[in-house]
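Below, subunit A partners subunit B and then partners subunit C, in two separate complexes.
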Partner chain A sequence: MLLPEREEFLKRVLSHVKFKYDHLDIKRELTEHMEDMYDDFMSHGIDEETATRLMVEYMGDPDEIGERLNEQHSCVLGNIWRAVRALAVIMVILSIIPAFNTSLLAVYSVFSGYSETRDRSEAIYDIKRSDTVRIDDLYFKLEEVLYYSDNDLEIRYRTWYQPFSKSVRWSFSLPSRCIYDNMGTQYSDSSGGSSAGLISRHYLIVEGFSPEAEKVIINYDYDGRKIYIEVPLKAGGSE
Partner chain B sequence: MNRKRQTVIFIVIIFVLGIWRFGGAQQIYVSPEKVLYACERGLHYGPSDKVLLKKKIGKEVLVIGKLSDGLSVVKTEKSLLGMWRIGDGGITGKIEAVKDADVFYSNTFKLVYGYSKNPEIKSVKFSIEKVSGDSRNIIDTFECTVDSDGFFYADTPEYEYDSQSQYLYAVDLFGFDESGNLIYSEL
Partner chain C sequence: MEIDKGLIGGSTVLMLLALLEERDFYGYEIIKELREKSENIFEFKEGTLYPVLHRMENAGLVKSYRKAAESGKERKYYSITAAGLKRFSDEKEQWKTFTLSVNKVIGGRSHAFA
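This part shows the complex of A and B:
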């Protein structure tokens, strides 16, 4: 239905609305409303010409409607809305790939295990631990100590940064020089490795750890940051 | 949903994603000093008592902080939207004051800087040495006053050298007291 009277009415209404971005929506809404009225008149047996005239009359003064709609569809708010919407879309697009990568790495790091650098069957014993220490924004959690038949001692721990930490997230690894036994021996021969991700899993293998030792002591002390954990061992591997 | 509410929601989305994308999660900070402090927390030392020097070359800024037992040296660079991040090529980090006084040279920032733990040392003298294989040549010499923090620095000119085969070092540090008497020598 394309009525010149209706189109003229709509044109006059829209001439008052400065925010042109909304013209299409306003036109669609008013058209639907006018068509409903027109159909209603026609269903009551009113002829087309009268129905058209009544439809326009019932809508009211197009200038008054246009001015009211101009207030509702503020040009200033409308432009701000468009700008922030566009910026929000850009931000979402810019964030999708990093978010996907971060999420994938995060999920992997949470559910992956320690890399098995040594055959666990060679371990005389293993001790499960759950000691958590915080240094700056970093959490350190000792999880397991394994002792092998060739006197290697493996320390397994995980580290992660607290959410929204503003620190630069360097990886943290225990230096072997902070590993002692209860007899005061400091161990320096070691090897180790770490996994990346939201949660990093680390292993430190200390070579030649005394089978007579009753405790392994982790004593990290650097620039006022301390990790001190004593782990009783099953000396001699009898258990 | 009305337009005002949508605008607020979009602003919240921009803010949250902005923080995530350009904030701590992406290791980007509002100033070179913030990068210094963030590095210190991440490397588990410090924080610096104060920033002793910021030296800018192009889009990079070297920030030197004062530690109770040395210096904290972090290279930063300008990122998006006026933010800052760690400069390419890694950072020096903590320089522990092992000696009574020491001097360092940064070719990137055309800067020599150092510290003195001895409060009697009021001025220093040192040289820039060009090393090429077995050949060593002094190419420049500086004299600086040491400030109340035990810190000293000097800007250097651009030295011509072949970065593939030649190296520049700050060497031969001498410390003098208020009267100009030599009280420290690393020779």
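This part shows the complex of A and C:
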């Protein structure tokens, strides 16, 4: 229902209200009032033309109403309110940004590859794994073991913390001294790296790993925290 | 009978608080209710209700919210606040004292002329 008489009335009222941001609310409320009045007239059998005329007449003087509304919708108070609200929004955004950064890193770390490690096409073979071990609130997941022609053995794994855990988040990475083969050799020459984020990616490259070994054994035992995983290899006569 | 607009103006807030003490209303309902309760004596221009309601809201006597009315159409409702209830009881007392005094004067004069 778009009545030009009603629109004209509303325009006159709003022309007095200087605080433009409240125009929509005021217009809505007055429009609804006039709609209800118009419907009431119609339900009493009054014709459209008379209903429209009476509707505008019953509302009163648009200039007077507009001026009195203007007194209640002050520019000064309205603008202070808007400024406070804008400031609150900025504060919220500023407090979200650090959390957002962390989650962005986590997303990045989930989707990005192990770009800092060796090229996987150089590997003689790779073994996919998904052994998960929990140490306190930390999860350790072995994902892949790769073996290269220069006797480098690479172990790829991820770690993450139990969500909402209150424990101290100690940073974890697998020390090379806990890498053994099935012949009891302990390997200590290694290099490794980790990514930050909610889920950290890690790699550990053990140099000079015996091509005859049938298994690589991850045996981590520190202060009662244990990881023990045996991974059968494809070398050593198994293939 | 027509009543001087100034008189109505002075007691509008009191009447609105009395209505809103019963339940929440939207503007058009308030007009209908006032008209009915006052038996058509208070026929003020309907649009002038809103500056009064907005003033009461600014003063913290009422607060507004939007809700679907019985018709299913969404309307802006007004509800009385704790400050509004306090104001209502204060103003009601003042009004009683005022009308009592006026009645005494009127009653006194009419008695004198009798």
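To be clear about the criterion, the second predicted complex is superposed on the first by the 140 of 239 C-alpha atoms of A that agree within 3 Å, B and C clash if a C-alpha of one lies under 4 Å from a C-alpha of the other, contacts with A are read in each partner's own complex, and residues count from 1 in each chain.
In this section, a residue touches a chain if its C-beta (ideal position, glycine included) is under 8 Å from a C-beta of that chain, and two chains touch if they have at least 3 such contacts.
Since we're looking at a predicted model, the values are computed, not measured.
In the superposed model, more residues of subunit A are touched by B than by the other of subunit B and subunit C.
By the document's definition of touching, of the two partners only subunit B reaches A:F164; subunit C does not. Touch criterion met: A:S95 reaches subunit B, while subunit C stays clear of it. Of the two partner chains placed around the shared chain by superposition, subunit C is the only one that A:V13 touches, whereas subunit B remains out of contact.
Common to the subunit B-facing and subunit C-facing surfaces of subunit A is no residue whatsoever.
Remark: subunit B residues 3-4, 6-7, 10-11, 13-14, 17-18, 20-21, 23-27, 29, 34-35, 38-39, 41-46, 86, 94 touch subunit A in the complex.
Put simply, subunit C touches subunit A in their complex at residues 26-28, 31, 44-48, 50-51, 54-55, 58, 73, 75-76. The residues of subunit A lying in touch with subunit C in their complex are 13, 26, 28-30, 32-33, 35-37, 58-62, 64-65, 68-69, 71-73.
On the side of subunit A, the complex with subunit B involves touching residues 77-78, 80-81, 84-85, 87-88, 91-92, 94-95, 98-99, 102, 135-138, 164-170, 172, 222-223, 225.
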